Structures are given as structure tokens and as C-alpha cells.
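Look for chain A in each of the two complexes below; its partner is chain B in the first and chain C in the second.
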Partner chain A sequence: MPSPAIIGQSLISGTFIGALYALLGLGLSLSWGMLRQINLAHFALAFLGAYLTYQLSGVGGMDPLLTLLLIAPAFFLLGVGMHWVFVRFAVGPLGSLLATFGLTVIIESVIQWIWTADFLKLESPYGSASLRVGIFYLPVAGLITLAAAAALCFGTWAVLRYTDLGRAMRAAAEDGPMAAAFGVNVNALSRLLSGFASACAGVAGVALALSYTLAPSQIYAWIGVIFAVVMIGGLGKPLGPLIAGLVIGVSEAVTMALTAPAWAPVVSFSLLILVLLARARNI
Partner chain B sequence: MRLASPVWIAAAGAAFAALAFVRLPAFYDSFLYLLALWIVLATSWNILSGYSGYISFGHGAFYGAGMYATATLAGAHGVPFLLSLPLAGLAAAALGAAVGAVAFRLRRLRGELFALLTLAVTFVLATIVLNTPLDGGQGVYLNSVTLPNLTPSPSASFYLLMALAAVVTVLLAWWVRASKLGLGLFAIHDDEDAAEVLGVPTFRYKLAAFALGCALAGVAGGIHALFISYITVGETFSILVPLSVVLMSVLGGSRHWLGPAIGAVFITALLYAFTAGDYPVLGRAAVGLILIPVILFLPEGVLGRLGRRRAALRPAEERAAGPHPARASGSDSGSPICAIRGLAKSFSGLRALDGVDLDLRRGEILALVGPNGSGKSTLINLISGHYRMDAGSVLFDGREIAGLDAHRIAHSGIARTYQIPRPFAHMSVLENVALPARFGHSALGSADAEREAWHWLDFAGLAAKANALPGELTLHERKFLELARALVSRPSLIFLDEVLSGLAPAEIEQAVATIRRIRELGATIVFVEHVMHAVMQVADRIAVLNHGQLIAEGDPREVMRRPEVVAAYLGRADA
Partner chain C sequence: MLELREIGVAYGVATALRGVSLRIGAGELVCVVGPNGAGKTTLVNAIGGLIRIVAGGIELDGADIGALPAHEICARGIAMVPEGRRLWTNMTVRENLELGGYRSGARAARKEWMERVVAMFPLLGARLDAPAGTLSGGQQQMVAIGRALMAQPRLLLLDEPSLGLAPAIVLDMFNVIRDIHASGVAVLLVEQNVARALEIASRAYILDEGQIVAEGTPAELRNESHIARAYLGL
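Coming up: the complex of A and B.
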């Protein structure tokens, strides 16, 4: 049995990993739940964002957080463009899954071509610093990730719940033609949402670059666990990824502390299968 | 043409396999071997995913399960290599069946969740293999295992083995396509709920198709394990396997048994050209670059356009339609055919049906009326098994059918129509009607089902549109198609859910006459309707639902005059 200090520290690191899960899951959950598009390329976009952060900050010398000002708008436009293509060719949920599967491989190849397949690590003041609280260490990068995840998830939740824009978006997601009949510009809202989801991938990318070593092959390592987060959290529910992400992150970290680190991936999928089984009975 | 297909496959396959004996340079042997490997993988994937539309991203897991099964059995436990192959297939099939048993029970988002669950299984399996003695992180060497000398050279022997696997796989894919299983899978692709209600055992069919596809992938994995002789988790469970098979099938045409094989040949040749050069990264990018335009511009694949079905000709000798089965028992008309007791259903707290008791009498026409949201359609959805009831019992012909799967209820002789017609969009009108004749109560063979379908197309006035696709019909025609689909299985109890809504007055007269003719055939009819003058014309008896409760039943004229019925329809005057 590991010491309480080790358990406590793993709870902390689990929370920070969970925050990154939430950040990656939010955009995916919104576009799947509200636009019926399953964007597998979300992961590749996040890595593209991370590599851009590496380039701008590690090579170009920008502050990593300032790169967001460039990356988020650029990714927003990318998301708008992707949505336009999907609407133009009437691509359904499974079609979007397949097409973005293709896009993932293309982005991966581009990354490998530009930055090689080797591991890269962004050296930044945020990445190495940590706060000491009692016997525990809180990495600054983790705190930034947690703050960003909480801000985006709660912000999205509040916008969808309390503003006219959010109400119109929920109406458009529920029944597009009906919302359109009531004067909601469904296409514009969908583009906005798709752009926002994509910008979330950019934010997640910056957070990724702050804490993690990057390699193009790592894109696929995140897919399983993030989809588990999205599904456990509930599609299209902005707070879902945050809650599910923290639950999974912490359970994984505790599992790693108690058994061997390599067993962590099994945790999320066991949770996922349990949730799916529980929901299947409900219907 | 169609009957000759298996002969063609076997002949082409034999010629393909015979290349193993002509002493080609090893380079060609291994290229042909790869071709055969990808034909097996893509075609086996397509049996479930192409035919039924359940995209699996876990083909790598099942292929990998086969590899490690052979590696463990033949490598560590001395099982003869050829014997390890069927065991590898079995292991992969068992894994697939376990995944399917979880995923195929879902009702919402089932396609998407299945895709992601299978993807997740790949990573879980990789983790387990990596952390147990199956691999242990070092990879597994198969140097001690020997390949029996089937041909002059080892490379040709590998090729021969994989070519045989490819021929068997393509034959099985053809057989599934031509069989009742394939028909059911295609119906699932178009509308799974409607398929189940028309009698297709959807859960069993999906599971069978998935297990078969996984088994074939497992065998291919077993052969490939020895071919590369050193296997690692990273290489085995790579995302490249599902990516490639999806692309190959979609490119070639996933609705055709030969589509994946054609796609496999094309993509393998392309990848080989790239990877043989200095830019393996380019090969993967090329796969991605091809996939996107294919999804956008060629969603049906190369064979999708060519594979248009032949137009069905009307059979010359048409067997006179036999007597309606219910007709035989028509003598005891008026006796109860179905007893409904305490039927209840809530949707997230909202009580849609609240303890309904109702008896249906043999041979009657019962109209089920009530305001919107009173629970009429819910009643049909519960009895036909579309939804599961919370409580209650339904005794049909003396048998309890509450809680049965919808396809079993269909087999027992209950049919229904949907308020909004739900035809199978990719099947012709004739195929739409023939399907329930094969799967439903009457369970006919293929030729008999087609003859029977023609009969009911005549009945519904759709014979001239037999070869049209449902999308080409008017709403009126689609409603009659829905009716013909319900009647063709010769049910003894039929639920008609608002067949008249949306029809013009002249069409309503025609439909009313049709309902009378159905009763003359001996069936019991329950119809939900808002068009009151039609109800009064044709119903023997009327039952009124309000807020999920039965508030009145009896003679139409008498019931409609009761104050509580008037109040339910027009609002309460005395409140």
C-alpha cells in the first residue's frame, strides 16, 4: 500500500489529467451532441495546436499563453470551414466519422513531415514551475489547464442556458427545421458552434504543449479515453466532460498508484462499458 | 447470373491461388500475399459493417487477437500451426461476440457508440496483451514455429494459405449477401426498428455477422503472425488496420460483396508503391487524402453505381394466394383474440399509458381514438414490442407476449404500420414487401415471398411501382406500401397507426374500402385515427383514450355521445 502522500499526489495529478480530458472532450461533445458530427480529427487538431505552440513559443520565443491569440481564431475558421464542407455534401454522423478519420491521418502526416516523428518537449516557464502546498506539489501548467477547462465548460454551460444565443443553439440542435421556421438562423449558429468546438481543440493543444512531450503517433493514444469521457458525460452537455474527465483522471491516477502504470487505460473503458450497460437498460 | 457467382469466385480464386505453384520470384509472392491479406481483412470487415452499416473501428483488435492466439498457441504451447488457425479465428470471434453482446443491446446512438466501442476495445486489448505474459512488452518471436511445405518455397506457401483464406472469405461474403442473413442485415442498415418489427431478429443477426467477420480476421491474423515471425503490440494494434479496411470497402462499394476486394487491390497496390519507395509517410497521407473525396463524392463506392439490382419481372405462373390463416378460425369470430391488462408506460416520469385494460375480439375492426398525446401510438408501440412496457400483460391467442422481442411478436402473428411510413430506402417496393413475408408470421422462402409480395402489391394498387425505390413514391403510395408490408406476413392482428392522416378525401374513401377488404380476409384490425367520419363508417367498436387511460369503449355512435368523451375532445365545459 503506497503512502498517503503518494495517494494524495496522484489525486492531484489525476485532477490535472482530468482537466485536460475535459478540455479535449468539450469540443467533441458539443459537435457530436449538437451538430451530429463526430469529429475524429479533433485530436489531430489539438496536436496541431500543440505543435504550433511549440513552434511559436519554443522556437519563435512567444509566451505560450499568447499563442492562443493566434491559434484559437485560426482554429475557429478551420471549424467553420469543416462545417461548411459537411453541410455542402450532406455528410451524416458516420460519414463525418470516416471523413475526419481521413483528415486525422493527413494532419498526422503533415506533422510528421514538418516536425519529424521524434518526441518534442516545449521548454516554458509554466511547464517546469510548480507550487508547493504542504507536502504536495501543484504544477503550474496543470493549474492553467484546470482553470481553462473549468472556465470553458462553465462558460459554455452558462451561455447555452442563460443567453438568447444559447437558447437558439439548443433549439437548433433539437429540431433544426423547426427552429428555422421560428426565425433562428440555424446555419450561422451551427457554423459558430463548429468553429467554437474547433477553437477548443486549439486551447487543448496549448495545454497539451505545456505539460506533455509531443509525437505524431500520440494522436491516437487519446482517442479512446476522450470518447469515454464524452460518452460518460453525456453528449452535448458542457459540464459532462468536466465531471467525467475528473472522475476518470482521478480513477486512473489512483489505479496507477495502486497497481502498475500500464493498467491505467483499462479504467476508463471499464467505466465506459458500465455506463453503456446501465443506459441500455434504461431505454 | 447470380447463381453462377460462387462458381466464378471459386474459379477466379483457384486461378489466383495457383500462382503459388508457378515459382514466381519471392518478391511477387509477398506482394500477392499482401493483396490476399487485405482482401480477407476488408471483406471480413464488410460482412457486418458494410451490409448493416455498423462501422467497426476494432478490426485491428480482432486481427490482433488472431495473431496473438497463434503466437501463444503455436509459439509457446507447441500446437501445430495449421491447427492454431481455426483456434485463432475462434478467439477473435469470441472477443467480437462479447463486444457485440454489449454494443448491440443499445437503442440510441447505437451506430456511433458501436464504432467508438470497437475502437476502444483495440486499445484495451493492446494494454492487456502488453502487460500480460501474452507479450510482456518484448514482442513475440515465432522462429520455432514451422510452416508445412505446401509449395516449393515458403513465400509461395504463405501466399497459398492466404489466397485460400481470401477465396473462402469472398465466398462467405457472397453467401451472406445472397442469404436471408444478408437481407436482414440490409434491412437493419436502412431502418433497424422497422426491420425488428417486421420480424428480423436484429440482435442475433448482427451478432452472427460480427462474429463471422471477426473469425475471418482472426484467421488472417494467425497466418500473418507466422509470416512476419516477430510480432509487437505497437505494430499489431495499429490504427492503420481499421483505417485501411474502411477505406477499401467504402472505395470499392460496401453494399456489394466484391466491393471491399476491389478496394483492397487498389489501395494495397497504391500503398505498396509508396512504401517500397522512400516515403512511407506519404502512403498514409495518400490513404487519408483518398478517403475524404470518396466519402464526399462517392458515398456508395465504385461498385455502388454498377451494382444496381436487376428489375424484378413478374413471375408468369402466379400461385393463387392461399386462404388467409385467420380465415380458418373465422368461425369463432367475436371470441377474444387479445387480452390487454394493466398496460403502463412512462417516459422519464411522464405517464403515457396508465393501466389500460382492453379486449380485442376476433375479426372486429376496433378504432382507437383520443386527443393528441392520449397514448394511442404508445399502445401500439408497446404491443408490437417497439417499446418495452413498464407493467402489464398482453395475452395474444392465449400466449403471453409482454416483454418478448419485437421480431418474436411479429412471428406470433401481429403486424403494425408506422404513422410516418418507414420503408427500407435502398430496397425496391417489391423487396420492401417481400421482406416481411420471409421474416414475419408466414416465414416463406425467397420465391414464395416474392409471389406473395406481388399479390399484396396488387391489393394495395402498387404493382406498377414494384421496381421503384420508396423515395420515388408519393406519400399516399408510401402509406399503402406500409400497409402492404404489414399484410404480406398474413397476420391475424393488425395495428394501423393513422393510415388516413395526410390523405385527400378521395384517397380516404379508397383507404376505408381497403380496411374493409382486409377484415373480409379474416384479420382483426385495430386502427388509430383522427378522421372521425371514417372511424364512424368503418369501426365495429371504438375505444377512447385520454391521458393514458381508457375512458370509454363500445358502439361508435353511442360512445361518441358520452359527455366524458365529448369533454376529452373539446375540453371541459363545466370545469
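Coming up: the complex of A and C.
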């Protein structure tokens, strides 16, 4: 049996990895649930964001957090453009899955071409620093990730719930033609939402670069667990990825501390199956 | 105020409307009746911009609106109570009503209209924070009408508002429609309940197989015996 200190420290690291799950899951959940687009390229976009952070900060000397000011707007435009293309060619949910798989492969090749397939690690003051609280260490990069995830998820939740714009988006997601009949410019709002989802990938990328070693092949390592996070959290529900992400992150970390690291992936899918079964029973 | 000139609508290769001409004067209550599958819903959706017309034109106060997207048609003061209500069932009654007044021309007076709608349908007052999908059929129809009123339309399109309602509520529904009309709103009413619809309409059109087969005042239509027998159930 591991000591309480080890369990405590794994709770902390589970929270921080859960925050990154939430950050990666938010955009995916929004575009899947509200735009009916399954954007597999979300993961590749996040890695592109991470590599750009590495470039701007590790090579260019910018503060990694300041890179957000460039990356978030650029990714927003990318998302807007992607949605424009999807609408222009009337791409449906399955089509979007295939098209964004293709995009993933392209982005992976571009990353490999520019930054090679070697492992890269951004050396930054945030990445190495940690706060000491009692016997525990809180990595600053993790705290930043958690703050960003909480701010984005709660912010999105509040906008969707309390503003005209957000309500119009929810109405358009449920019955687009009816929303249009009541004055909602559904296409414009969808572009906005797609841009936001993509900007979230950019933010997740910055967080990724702060804590993780980057390699193009790693793009695929996140897909399974993030899909579980998104499904457990509920499609299109902005607080879902935060809650599900933290639950999965912490459960994985505790499982690893109690058993062996190899058992961690089992956690998310067991939870997913349990949640899906519970939901099926309630219908 | 609204003029349809020989409009045509098709679903793929199937023609749903052919050469339909129809006029609604300012503040008029016009009724469209016809058998199932005649194209009544198609007509409402074409006016609202939910389906594109493939022939003819639609003019609102002399301006061509036939090619405008639905949200711009709404901005010009046309609101609808669609067939089957089509509320946003996951959203609360209040959110449904507020979204009814989403268009920029209606937003300023939204609070005031919300109070009017609740005064008109007192039952909704207690259910404002309930998800719209949890209401009974009659209450949902009230929300659908309330939502359309929140848009403060000049022209209201009603597609079978009495469908599926208990007989006692149907009477209320027709009284509400009469009140809305009396307040100066032009109304296009599609109804299966022909007798009641003709009581409150100033003119009526009969649609069959995508074409207008007769038009006139309720009295004129009742007097044409073959029309009355075939379409009005008299």
C-alpha cells in the first residue's frame, strides 16, 4: 500500500492532467454537440499549437503565456475557415470525421517536416517551477492549465446560459431552421462557435507545451481518453469535459499509484461504459 | 402587405406547390384550408424562408423577399407558429419566449411583451423555468404562440395551431387568434378545423395538390356547393 503522501501527490497530478483533458475536450464537445461536426483534427491542432508555442517561446524567446495572444486568434480564424469549408461542401457528421482525419494526417506531416519526429521539450520558467504546500508540490504549469480549463469551461457555460448569443447558439443546435425563423443568423453563429472550438485547441496546445514532451506521433495518444471525456461529459455541455476530465484524471492517477501504470487506460473506458449503461437505463 | 406571385416549390423532383398566388392585406386575417398533403405547411415555410421557392416571387410591402434567408425575413416582421410547434424543448419556457424576441427590432420591448404573453396565458406564468419539452401539448402551443408574439410581428403565420388540442382549449386558441388579429397583426391561418377558421377569416384560399383551387370570402366559398362539399365538409 503506497503512503498517504504518494496518494495525495497522485491526486494532485491527476487533477492537473484532468484539467488538460478538459481543455482538449471542450472544443471537441462543443463542435460535436452543437455543430454536429466530429473534429478529429482537434488533437492535431492542439499539437500544432504546442509546437508553435515551442517555436515562439523556446526558440523565439517569447513568454509562453504571451504566445496565447497570437495562437488563440490565429486558431480562431482557422476554425472559422474550416466551418466555412464544411458548409460550402455540405459536409455531414461522418464526412467531418473523415475529412478531419485527413487533416490530422496533413498536420502531422507538416509538424514532422518542420520540427522533425524527435521529442522536443519547451524549457520555460512555468514548466520547471512548482509551489510547495505542506508535503506536496504543485507544478505551476499544472495550475495554469487548471485555471485555463476552469475559466474556459465556466465561461462558455455562462455565455451559453445567460447571454442572447449563447441562447441563440443553443436554439440553433436544437432546431436550426426554427432559430433562423426567429432571426438567428445560424451560419454566422456556427462559424463563431467553430472558431472558438479551434481557439480552445490552441489554448490546450500552449498548456500541452508547458508540461509535456512533444512528438508528432503523440497526437494519436490522446484521442481515446479525450473521446471518453467528451462522451461522459455529455456532448455540447461545456461543464461536462471539466467534470469528466477531472474524474478520469484523478481516477487514472490513483489507479496508477495503487496498481501499475498499465492499468490507467482501463479506467477511462470502464467509466465510459458505466456512464453509457446508466444513461441507457434512464432513457 | 404580402403578395405571392405564382410561386413554385419542389422537394427534389416532387413538386409541392405550383403557381400559387396569394395576397394578404395589412391587418387582414386570411385562412388557407385543404386536405392532408395539399402543401399548406410548404406554403408557410416558403413565406418564412425555410424552403427556397423555385419559381415566382414573394413581396412584402413591395420588396422582393423571395430569396432572403429566414433570419432576414424575420427581421422584416414575419413570425411563425410552425406545424408541430417546434419549441426548443431542452430550453426553458422563458428562454423560448425570450428567443422569440431575439430579432433586433423586438429586443428593446422584450420585457413588456413577456408580461403581455404571461397575461394572455396565465398558465405559463408558473412554468416559466420549466424545460419547454415537459409541458402539455396545449401549454406548448401557448408557448409557440407566445414565442411568435414576442417577435412583435406585423404578419403572423399559424400552421394548424389547434392540431391535437382538447376541444375546450381549441376554442380558447381561436379566441386568442382573434384577439391577436384585433390588435392589428395580419394573420395567415392554416387550419384543419375549417368551420372555426372560416368564422374568423375575412378571406380564404383552398389549396389542393399544390395548387389554389378556390378563393373568396367565407360566404362566397360556402355558396359554391361543389367546393363546400369537397373541401369545407359542409
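As a convention for this text, the second predicted complex is superposed on the first by the 283 of 283 C-alpha atoms of A that agree within 3 Å, B and C clash if a C-alpha of one lies under 4 Å from a C-alpha of the other, contacts with A are read in each partner's own complex, and residues count from 1 in each chain.
Please note the rule applied: a residue touches a chain if its C-beta (ideal position, glycine included) is under 8 Å from a C-beta of that chain, and two chains touch if they have at least 3 such contacts.
All values derive from a computational prediction rather than experimental measurement.
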Item to check | Joint occupancy of chain A by chain B and chain C, clash or fit | outcome: clash
Checklist entry - Touching A:L274 in the superposition: chain B (first), chain C (second), both, neither? => result neither
Item to check | Touched chain A residues, chain B compared with chain C | outcome: B
Checklist entry - Which partner does A:A151 reach: the first (chain B), the second (chain C), both, or neither? => result neither
Checklist entry - First (chain B), second (chain C), both or neither: which does A:D164 touch? => result second
Checklist entry - A:I135 contacts which: chain B (first), chain C (second), both, neither? => result neither
Next on the checklist: I'd like to know which partner A:N185 touches here: chain B for first, chain C for second, both or neither.
Outcome noted: second
Checklist entry - Touch check for A:L97: first (chain B), second (chain C), both, or neither? => result first
Next on the checklist: So the two structures are superposed on chain A. Out of 40-48, 58-66, 94-102 or 166-174, which stretch of chain C collides with chain B?
Outcome noted: 166-174
Checklist outcome for this item: So the chain A residues that chain B and chain C both touch are none
Checklist outcome for this item: Listed in rising order, chain A residues that touch chain C in their complex are 164, 167-168, 170-171, 174-175, 177-186
Next on the checklist: For the complex, give me every residue of chain B touching chain A.
Outcome noted: 53, 55, 102-103, 105-109, 111-113, 115-117, 119-124, 127-128, 130-131, 239, 243, 246-247, 250, 281-282, 284-285, 287-292, 295-297, 299
Item to check | Complex interface listing, chain C residues touching chain A | outcome: 48-50, 69-71, 73-75, 79-80, 82, 86, 88-91, 95, 98-100, 102-104, 106-107, 147, 151
Checklist entry - If you look only at chain A, which of its residues touch chain B in the complex? => result 32, 38, 85, 89, 91, 93-95, 97-99, 101-106, 108-110, 112-113, 220-221, 223-224, 227-228, 231, 235, 260, 262-263, 265-266, 269, 272-273, 276-277, 279-280, 283
